[in-house]
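In what follows, a single structure is set out as structure tokens and then discussed.
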Amino acid sequence: MSEWLAMGGHGFYIWGSFGVSALFMIVEVILVMRRRRSLVQRLGRMIRMKAEVSE
Amino acid sequence: MRDLTLAMRHRSDVLTTVFFFIIVVSLFPLGVGPEAQLLKEMAAGVVWVAALLASMLSLTRLFADDYHDGTLEQLLLVPQPLSLIVLGKVLAHWIISGLPLVLMSPLLGLQFGLEGDALIMLMLTLLLGTPVLSLVGSIGAALTLGLRGGGVLVSLLVLPLYIPVLIFGAGAVAANAAGMGAEGHLSLMGAILLLALVLAPWASAAALRISVE
Amino acid sequence: MFNLFKFASPASFYPLAGKLVTLFAIASVILLVIGLYMSFFVAPTDYKQGEGYRIMFIHVPAAWMSMFIYVVMACWAAAGMIWHTRLSSMMASALAPTGAMFTFLALWTGALWGKPMWGAWWVWDARLTSELILLFLYVGFMALESAIDDPRRAARASGLLALVGVINVPIIYYSVQWWNTLHQGSSIKVVKGGVETSMTEIMVWTLLIMTFACWFYTIAVALSRVRSIILERESDSSWVKEMLQGAKS
Amino acid sequence: MDKGLLEIRELECVRGDRQLFSDLSFSLEAGTLLHVHGPNGSGKTTLLRAIAGLVLQESGEILWNGESSGKEKDEFNRELLYLGHHYGLKFELSGYENLKVFANLSGSDISEHEVEAALQRFGLAHCVELPVKVLSQGQKRRVALARLLLQSSKLWILDEPFVALDVAAVELLLEVIKTHVANGGMVILTTHQEVAVEVGSVQHLRLGQ
Amino acid sequence: MRDLTLAMRHRSDVLTTVFFFIIVVSLFPLGVGPEAQLLKEMAAGVVWVAALLASMLSLTRLFADDYHDGTLEQLLLVPQPLSLIVLGKVLAHWIISGLPLVLMSPLLGLQFGLEGDALIMLMLTLLLGTPVLSLVGSIGAALTLGLRGGGVLVSLLVLPLYIPVLIFGAGAVAANAAGMGAEGHLSLMGAILLLALVLAPWASAAALRISVE
Amino acid sequence: MDKGLLEIRELECVRGDRQLFSDLSFSLEAGTLLHVHGPNGSGKTTLLRAIAGLVLQESGEILWNGESSGKEKDEFNRELLYLGHHYGLKFELSGYENLKVFANLSGSDISEHEVEAALQRFGLAHCVELPVKVLSQGQKRRVALARLLLQSSKLWILDEPFVALDVAAVELLLEVIKTHVANGGMVILTTHQEVAVEVGSVQHLRLGQ
């Protein structure tokens, strides 16, 4: 296993590449989802507030 | 149009741009050290980069004053095509900030140990290249009007677009020095100039309309 | 064609995009799993570069995506300029962050590949340089967009910039190419030939699968982001209100 | 001047996430003045700028003599004079030079004498040669307003023109406006000051209620 | 004071300054050509010149916005010594435009083929030098407020004053590379920093009072 | 607040080659308002800025509680609030942030709640979070004026404070001024608008005649 991880001496470079790529993609997905969630919440609150005002 | 360009700019601006150019170019020997060979190899590149920066620095103010005092609004409402007015302003900018650089460049080349042929080539490339800098830069200046971080933002937008001019310009001098003939570079620069001349005023005009809103 | 214009309106595009996001997300995950498995367990060790070549399976898709996304982005921007369709400019701004990310990844993985292969993190090679400039173009696009407060104005300004940029991308690309071939100073080049001859069929397949995985990933993320943008910009319109109230009650 | 007719059809303007007005329709004929009322932030400036073509509307049309003003831009701009919150003056130039630049830009051929007369009428005779930068607030405004006397535009759009003017200058400006309307011109203006804008035919428009 | 510095600037400004720095540095290889040896010799000089320019470019706006929107008037009327307020603004400027450069410099050094020791020395000199740039620059920015050709004028005034910093900064890296030990350079830079810290805020405050009148 | 007394002695101001006024002397006690009149360009703004210490006088003295205001700058500035033609706002920051910055600068310890209340009083509740840049002219002015409610300065110098305000805001500002004067504050103001500035004790000063 550790031999496989070492990748013939290139482990640092390979895992550095794939690791950072995976990290970035995951973080991007999380950011996109977070943005959507907070937006829906904010807009929902706004709409509710407006509805209350007009009532 | 003539009055516009004349009245809106002042002579002292020319001097400051030229001095900026000279100072930036002179910084390099100080930063890099005095080896003559090294300096000679750097010469064209350094002069060109300094020209890029000088042109860009004065660009920030191309429309900024007009924007802040409301003249730009009025220019949008003039019964003339906006792109023509933009072209006039860009021309004025070039005469003030580009042309002096072209004229100064042989002097600076001499400082770096360039000679005869190379000096002429340097001047020629700057003559073809600096109008492109003014034209392309006007788009960036128009887009960043009134925005936070204006000065630095404009450079972020514009410098990457300047790169071809830089490469061909400095490349022509290097090719010439290597005895390879620089016609290819020069004709490419001419093509870029034509392209910019056709497209840039139009794009700047569109950008101005967006920015004034 | 008729259908297309129907979906050009944000109101009808929004739910459609929702379905597509799920679809592409699932497809992308499946392909990623397969692709990664093949990258590490199926593809054989390269006789010249040893294991190091496996970086290719992420580097090349990232590099391809980075260039491709910019073109797509500019097309959307152009469509927005010409037909004044609101959705188009939204698509453009939704693509930019992902494009910038892939550009960065191409640079990053390339640098990590370059150290063992060339012995240097960075050389001023034509391809590397133009990739770096591409990153600047993306960053400029996003910086301009975020510097403008009104989203409508921001979309129009950055769309214009994307268009100007796309005219320049080929010019930049060829100028850099030419600049570098004229000077024969650096002896190191992307060893395209060396890699390609040693590429077995299985490597090509792995590469393709990884590329499609990234492609689907991009579509999913961009569509999801465009949904948020639609909500932001259309928050005053009745269909958004109805939809959100429907979701609440 | 030939006849002019401005029509606004179902205009809607949005800023940020706020809809300022929608479904706004009216028309304005030669020889009338439109006074736009409304509290701060109700969208008066936005409306005026939209008509001038400086702000893009969300929907709706602005027609000048039956043609869309956005399409026939040059023609429309020739008939338009817009003075907004900004002065539109180059602060380093003198009042005289400023007016000269505008005259040249609008393509009209105006003599030195006319420019001087306009400045004189607005009480600026003693500071024609000073750079606008050093003038007082009211004097700056007067320079900007002197353009009204020089350009022969049909439609004047004046956003709070009375600001910073002293009593004498307000009187003068009112008179200039009256003359323009009487000669078949059109004026759209806003003001929060209680100024008696009484000319032949006045329309009122109220925003933000 | 803390709130002042925080509230007046925005995070995105940091990014733009950093990218400007990276772009300017990257321009040089494009202008000069890709030879590794040449680039390595230029490295310290180029990074330092780029730092000078980045710092100066953002300087133009140090007081300009405050001047135009009238905040500066208000700052003069605040019951606190003006030089302290200036110091706060300069600090903010450094945090936004100087510190990021320090942090980025190793990466750029790598691109130019510098290694280990040289990278650390480059960073160290920038750490000592960039605050001086901000401090000295603030005087120029204050003096040129509201003047025509501001941006270029400020560079004219300020760049010559920057030269000592440039010489010692780039010199330290070169000395280190030549194995000569750079302590002398570094301690001189420290002395300059102290001097600037004491005198510059006071001078800028005086310049501001003159400019606002 | 402790007592305050502003004395102007033989003040003379010169701009360029014009002497705006000379030999100007008056004094202002706590609880009074000074209304400076005069046509455009008569030197009102210059006088106000000279008192605030933003313009250097040619000769004469400005005394605050018997001490030269130029020498005791910090002390004088603590008691002073100057609002001029410029708004003095950072256009990129929101109204809330702007006020917060001023509060911090003046060294007073003001809570979020107070800032919000001040903005609310000036009718800006719905745009606290917007950058000032996008606000309407009158809304910008209101943000600037909200400072009056936050800082406990004794001497207010207001150069045309009513400009760009709608009727409701003018009313409100008048009230704020009245309260300040009634509480022993001092106000110096100029305005060309016919606003009824009626408070306890009003002094008038006419320039340019």
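Order of writing sets the chain letters: A, B, C, D, E and F. Residues in each chain are counted from 1.
The rule is short, and it goes like this: contacts are C-beta pairs under 8 Å (C-beta built on N, C-alpha and C of every residue); 3 or more make two chains touch, one makes a residue touch a chain.
Note that the coordinates shown come from a computational prediction; the quantities given were computed from them, not determined experimentally.
Colleague: Quick one: which chains contact subunit B and subunit C both?
Modeller: D, E
Colleague: Please give the intersection of the contact partners of subunit C with those of subunit F.
Modeller: For subunit C paired with subunit F, the chains in contact with each are D, E, in label order.
Colleague: If more than half of the interface residue numbers appear on both sides, call it same; otherwise different. Which is it for subunit B and subunit E?
Modeller: same
Colleague: Considering A-C alongside C-E, which chain pair is linked by more C-beta pairs in contact?
Modeller: Output for the comparison: A-C.
Colleague: Based on the averaged CA atom positions, which chain is farthest from subunit C?
Modeller: Between subunit C and the rest, the longest centre separation is with F.
Colleague: Starting from the mean Cα coordinates of subunit A and subunit F, work out the distance between those two points in Å.
Modeller: 51
Colleague: Could you tell me the distance, in whole angstrom, between the mean C-alpha positions of subunit A and subunit B?
Modeller: Taking the mean C-alpha position of each chain, the two centres sit 42 Å apart.
Colleague: Where the centres are mean C-alpha positions, what is the separation of subunit B from subunit F, in Å?
Modeller: Computed from C-alpha means, the inter-chain centre distance equals 46 Å.
Colleague: Using mean CA coordinates as chain centres, what's the subunit B-subunit E distance in Å?
Modeller: About 24 Å separates the centre of subunit B from that of subunit E.
Colleague: Among the residues of subunit F, which ones contact at least 2 other chains?
Modeller: Within subunit F, the residues that touch at least two other chains are 85, 92, 133-134.
Colleague: List, in ascending order, every residue of subunit C touching at least 2 other chains.
Modeller: 136, 139, 143, 147, 149-150, 176, 179, 183, 232, 235
Colleague: Residues of subunit A that touch two or more other chains: which are they?
Modeller: Not one residue of subunit A touches more than one other chain, so the list is empty.
Colleague: Following the definition at the start, I'd like every touching pair of chains, please.
Modeller: A-C, B-C, B-D, B-E, C-D, C-E, C-F, D-F, E-F
Colleague: Which residues, counting only subunit D, touch subunit C once they are in their complex?
Modeller: 14-19
Colleague: Subunit D touches which residues of subunit B in the complex?
Modeller: 1, 3-4, 7-8, 10, 65, 69-71, 73-81, 212-213
Colleague: Mind pulling up the subunit C residues that touch subunit B in the complex?
Modeller: Interface residues on subunit C, with respect to subunit B: 133, 136-137, 139-140, 143-144, 147-148, 150, 153, 156-157, 160-161, 163-165, 167-168, 171-172, 175-176, 178-179, 182-183.
Colleague: Per the contact definition, I'd like the list of subunit A residues that touch subunit C in the complex.
Modeller: Those residues of subunit A that touch subunit C are 7-10, 13-14, 16-18, 20-21, 24-25, 28-29, 32-33, 35-36, 39-40, 43-44, 46-48, 51.
Colleague: Which positions of subunit D touch subunit F when the two form their complex?
Modeller: Of all residues in subunit D, those touching subunit F are 15-16, 38-42, 44-45, 85, 123, 127, 130, 134-139, 141-142, 160, 163-170, 192-194.
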